């Protein structure tokens, strides 16, 4: 018996048509799941290993901050907003404080601005190091976690030595930074500066962070398995990213050199040299690599800021009972996770009339249904992790 | 000030001399058929209700404002259950806000439109910016604003069956209702002597 | 970044193995330098002097002005007090009126550790201490009364260490 | 006295009971030793202290404490579970491990049963554990478990072939399928087979990792994706069974690799007269070396994706193993 090519094609087609009839399965990932960073829930329809129609369900950590802020005074609000994105609590305070200062037309002393800038960059490093830690873990490698967290601990210790809080510094005041950062007998009334050896220790900590970046690059970046898992996975083109409001490293990974530190003037970033890191393809690998490079850039900024930090006051002259004049403004800042902004509406009282919190992770996460369409189940985790969200930042 | 008189009026109130962004703001306002106002470096373009979607299309296509930052609302309301009352009377309304940005120069424009306080309805932006999806869901549950043409206005944050719109000023904040304020307690006065050394709160 | 030389396959894997192996050897043979963690209950890390661990109260300094309770964002400070007359030191002198503290409770189950109360206190009655080991098995026990808060005064760091202030751990 | 003992053990049933007791003791001991090595070494690789509390120094009793804890736990079987299968699965996994011990030569003559098809038997039995995993995944009544079980099945099919083909080279060189025969052939040849069969050894190691469902091939567990895969619903002593089986399996597969490629109980330069006593120690040393490599891999590498694993198996390992066989066969005939 001979089989010609026609018969062959016929046979293969027949095989396709009698393919097993399969049933889709609804897989509920979360709200309690090892890699949903808290309480995100994904409802996915999966066919074998392929997922379709992934719908994120959020709100398990909604704390109603926008409502709460309406009944708080301005000094009280800083304690709340650094709990929005607790991984970089310090950086959250900046745009709000700057917005209030704008309305009050307060000039912030130079030294306070530099301290803010150094601490913001340290918050960025600690946030990115968390990503460096958790992302390989989501791909199955546990060890980078400890390398990254070890250095993060160093950075957080320094942050704590200035502000008194590791995660929730509550260090910014309208008009500058907290004048009395700790307390001790007779310390109250005196102005209290950075700890004596904070700057040299920060410098050496930054050197160590650079070393660990190299270590992480050796451990993770060259790893063929990581490359196979992340290259070309979860590609987000610029247009889609912009329409969904993706910001921060996620947007830059798609190839746009858009960094609010270069554009807005909320902190004196224009005095320092640093590169805006961009990716090439907008895939998971680029998002990982962008963040690694940004740690290095932040280290550069901190070193430069330590070099020329001026001396002077920490707090401008502001009334004891803070009342913000009537007005509206939107201030956005480049947070570790992306664009963090506050639309502050004041009507002249001691608390805001309305405070819209634009958090980066909320918009970053809203792209999930688009980017997770038709990917494999392991890639759901890989893509989700690469967006680097914090559920507190999503739910607010 | 090279713009038409009606726009200048709105801008002049807060800015005595021309803001460097004024020209750009007026350009955007002219193109979308609204009025521009600059407050503290924030360009706010007020557009009429029915030009809402078109304004965003124009902003996106002509002014390259492709970055959809956020969408939210403000409840302007004279009677409040929570927080302080307004210092002066306002027209009762919802103000819907979006902020768009470009990805090159860092320009950003906040668009605003007023919605009726009783029946707030507006066409959805979801066709213009896909990212408006979640923001509109949030505004829907928080303020009760209806977005026509939105495919799924289900609750985003709140549990199913939650009644009310929490960010409306008429929605009481329960945590502040159930517990008395500890600061209300005062030092017991001396008999027949009023306390005098209480600092103002 | 533009021109990347393609490394031979497997090199990345071997590099990674090198990192873990060298870490292992370093940790085993030079634990003092490379070990990142400590044996917690046996060895304790020293928190920084400025750390916001627990709030101490100096009862003598408190004038029951209620500022802290009013400024607290969480409403977790409960204060009660009364006025009392202090007889004059010498006969014929003025009778002083002083506020006496009856109750000063901080509910640490509610406290957000923001430090506003410490900041607003005009009479130096509240202090931060970096002490942290006061967890309880019952939530109600997290309410520290004024005597317990007074005890924390012993672990408040001095001015010197707060100015030096970096971590020692 | 000694005669009495020898007499006693020459009785089939008594010796069988003795061997069984030995195996029953060996499994938890090996499992604990390797488990402890894993937690301690992983801690050091991550600059941590690791367990240090239980048992005083170095926390040596950590796993004993863990074992006691597992036995204290409530035995939970999900309502949706297929109860008999759910209960049988951990036992099957453990049995396959125990059965593997039978054919491993610990020294000259020190073997539970010297089968003439020892290699064949070992490879056949080792895949039993995957059946157990599939059963566990299916019977748990949990979607994550089901996906994990099916992934395990896919992995079994993909990796059984390279595993077998990798061994063929060594078998061709030795000319026998008996495990002790292969060791003796290596002694006779004067070198461990890894020197010429390094390709086979590498493939065997990779395939063994996949067989063990260890990182980088731990897709059936994949805790970041599938929570705990087929283990999700297991708790208490059933989980302990899986836990022990994992480490005991690591031991047996390392022992097979050591026997086939590294000379088993023999070390070049060690006189044959002491092998009877030194043999088990030598084998254990080699096993721990291989186990260390597995632990090292686990704490360095991330996990593959299921389709990438299949690609690796079918496109790389199988052709490579076939080429290795061909070359070995040709050389065997030519030389």
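Chains here go by letter, A, B, C and D, matching the order in which they are written, and residues are numbered from 1 within each.
FYI, contacts are C-beta pairs under 8 Å (C-beta built on N, C-alpha and C of every residue); 3 or more make two chains touch, one makes a residue touch a chain.
Just so we're clear, the structure is a prediction, and the values are computed from it rather than from any experiment.
Q: For subunit A and subunit D, which third chains touch each of them?
A: Common neighbours, subunit A/subunit D: C.
Q: Where the CA atoms of subunit A average out and where those of subunit C average out, how many Å apart are those spots?
A: For subunit A versus subunit C, the centre distance works out to 26 Å.
Q: Where the CA atoms of subunit B average out and where those of subunit D average out, how many Å apart are those spots?
A: Inter-chain centre distance comes to 64 Å.
Q: Please tell me the distance, in whole Å, between the geometric centres of subunit A and subunit B computed from their C-alpha atoms.
A: The mean C-alpha positions of subunit A and subunit B differ by 25 Å.
Q: Approximately how many whole Å separate the CA-defined centres of subunit B and subunit C?
A: Result: the chain centres lie 38 Å from each other.
Q: Would you give the residues of subunit A that are in contact with at least 2 other chains, written as numbers and ranges?
A: 143, 146-147, 150, 219, 223, 225-226
Q: Give me the residues of subunit C that touch two or more other chains.
A: 13, 16, 19-20, 23, 36
Q: Show the residues in subunit B shared as contacts by 2 or more other chains, in ascending order.
A: Expected reply: no residues.
Q: If we use the touch criterion from the header, which chain pairs count as touching?
A: The set of touching chain pairs is A-B, A-C, A-D, B-C, C-D.
Q: Applying the document's contact rule, which stretches of subunit A touch subunit C when the two form their complex?
A: 72-73, 75-76, 78-80, 83, 143, 146-147, 149-150, 153, 157-158, 160-166, 168, 170, 178, 180-188, 192, 195-198, 201, 215, 218-227
Q: Given the complex with subunit D, which residues does subunit A contribute to the contact?
A: Residue positions touching the partner: 25, 27-28, 33-35, 49, 136-143, 145-147, 150, 219, 223, 225-226, 228-229, 376-381.
Q: Across the complex, what residues on subunit B touch subunit A?
A: 14, 39-42, 44, 66-70, 72, 74-75, 82-84, 86-88, 97, 99, 103-106, 108, 110, 129-131, 133-134, 142, 155-159, 166-167, 171, 173, 176
Q: How about subunit C: which of its residues touch subunit B in the complex?
A: 63-67, 69-70, 72, 75-83, 85, 97, 99
Q: State the interface residues of subunit B toward subunit C in the complex, per the touch definition above.
A: Going through subunit B, the ones touching subunit C are 179, 181-183, 185-190, 193, 195, 197-199, 201.
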